[in-house]
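Each of the two complexes below includes chain A, the first together with chain B, the second together with chain C.
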Partner chain A sequence: MSLPRVDPPPFPPPYPPGNPRFGSGDAVRVRPGIAPGHIRTPWYLRGKTGVVERVCGAFGKPEELAYGRDGGRVPLYRVRFTMQEVWGGKASRPDDTIDAEIFEHWLEAADAP
Partner chain B sequence: MSNAREAGRRWHDMGGKDAEAIAHGEHDFALWEKRVDALLRIATARGFFTVDGLRRVLEDMGEDTFETMTYYERWIASVTENLIEAGVISVDELNARMTEVEARGPTYGDAQGAGE
Partner chain C sequence: MPHDHHDHLSPSGHPYRPDNDEALSYWQTMEIAVRELLVENGITTLAEINEQIEAMDRRSPADGAKVVARAWVDPAFKARLLADGSAAMKELGFEPDFMKLVVVENTDEVHNVVVCTLCSCYPRNLLGLPPDWYKTRAYRSRTVKEPRTVLSEFGLELAHDLRVQVHDSTADMRYLVLPRRPDGTEGWPEEKLAQIVTRDCMIGVAVPNPA
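After this line comes the complex of A and B, so read on.
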């Protein structure tokens, strides 16, 4: 017997792009916000400035999904930070970089007041 | 870091904190732990909650549970709470079932051996 041929789903899936405010190469700053609830934006990056490496697509908003609500989709960015920016004088290799995925509502333009 | 900088940081958001040595050991998972994992996959696939809901409860359980409960003990506590919140099970149903299972005997083998 022969099994029917099944095409695998595309990987990565074609995530909806949303309507991203930032593009590749834009300098962005992570909002220094403090909030209760479930937040995916790591503490050590809040207030830090990096560069958008890519737009990942639009994904469900974790702060709302955590409580079983549909908060719509928000553009997600892969943002690149230098170790110097993140750890300051404690960075042993200041020119190395770290990428983190940050939602748009946690970002502002780096030159914003 | 200053206290002002740390104010508002939640316990689970550990990135950048000093840490103890990492335990590199491997261990097998117990059957019940695999079942907890499977339960999460089924519950999220059915749309009852998301991994964000799982993590929200884990985070709200507090820092003490990170030390006093094992990984999958914390998971089943969170999965249970999320299933109650989603209306999939009620507290009464859970209590009745737990009483029934407990009556089968003190071991996991006893608990599985009857009533299935």
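After this line comes the complex of A and C, so read on.
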């Protein structure tokens, strides 16, 4: 597993974060799940492990919002991945990184079974 | 001289573009129906809709350039901009509305580039409408996989020891790259600095050129 370095931002989230389970620097894995409907967790990151860069705040759950339902607010994170983790041997520069916003219900601790 | 070779060209020598007078699509019909119902029921007016379109058209990368130039000359503003982009752009009179702006800073270690692999998320309230290439499947799929190749096709060759950090705008945040202030711009007034900050610099596919 190839994890990137993350420097925690020297400021708090500008939006109410709710009660986030993870914090900057935590290693997390994107759930490899498949779900119907409107999802904002890209395919290429499912099952990949990265490090929380920052907590953005808590925002509406896209799977519910897309159908006009109020699914409450869920903590949203920016998670950083190495190219090595995402693309494996096909990565042209393994240490370059990708940051993406992932909602908490799509994340689990990297050491979860 | 046979004339029929040129029948598909206008008198100026350019090909005629097909007229867009085909039947409305399902979603075009739906948009017209919803708009007419909103107006008929007094929820909005055509004047309000036009004003919104004009407000969108008034935004341009020049707005973002002013924000970048201010951050270059005012370290306290830069700190506020990195901590809360939407609040900081408001200080300069730019209205974020619902946009949640995250500003990412290029340094001597990191070069940032922004993409939206899922659709075309873009900081429209600061930069205006995105360029067409930003919405293409090629840019969206290749930037997360081979960013250095994509950047080199834009004419940007990065130093080997810089880390490329791609930002995929997958959810509620919108991203603006704060470029490095180039050497040779010491003492420049803010207005002159803003002129070298192009749209592409703030997406991250270019860097400011003071020449």
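We take it that the second predicted complex is superposed on the first by the 99 of 113 C-alpha atoms of A that agree within 3 Å, B and C clash if a C-alpha of one lies under 4 Å from a C-alpha of the other, contacts with A are read in each partner's own complex, and residues count from 1 in each chain.
The definition used in the following text is that contacts are C-beta pairs under 8 Å (C-beta built on N, C-alpha and C of every residue); 3 or more make two chains touch, one makes a residue touch a chain.
Just so you know, these numbers come straight off a predicted model, no measurement behind them.
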First (chain B), second (chain C), both or neither touched by A:Gln84: neither
Partner chain(s) touched by A:Tyr67 [first = chain B, second = chain C, both, neither]: first
Partner chain(s) touched by A:Gly37 [first = chain B, second = chain C, both, neither]: first
Contacts of A:Phe11 with chain B and chain C, given as first, second, both or neither: second
Larger contact residue set on chain A - chain B or chain C: C
Contacts of A:Asp96 with chain B and chain C, given as first, second, both or neither: second
Chain C-contacting residues of chain A that also contact chain B: 42, 44, 62, 86-87
Residues on chain B engaged by chain A in the complex (per definition of touch): 7-10, 13, 15-16, 49-50, 52-53, 55-56, 59, 85-86
Contact footprint of chain C on chain A as seen in their complex: 9, 11, 14-15, 40-42, 44, 56-57, 59, 62, 76, 78, 80, 86-87, 90, 92-93, 95-103
Contacting residues of chain C [partner chain A, same complex]: 82-84, 86-87, 100, 102, 117-118, 144-149, 163-173
Of chain A, residues touching chain B in the complex: 34, 37-39, 42-44, 60, 62, 65-68, 86-87
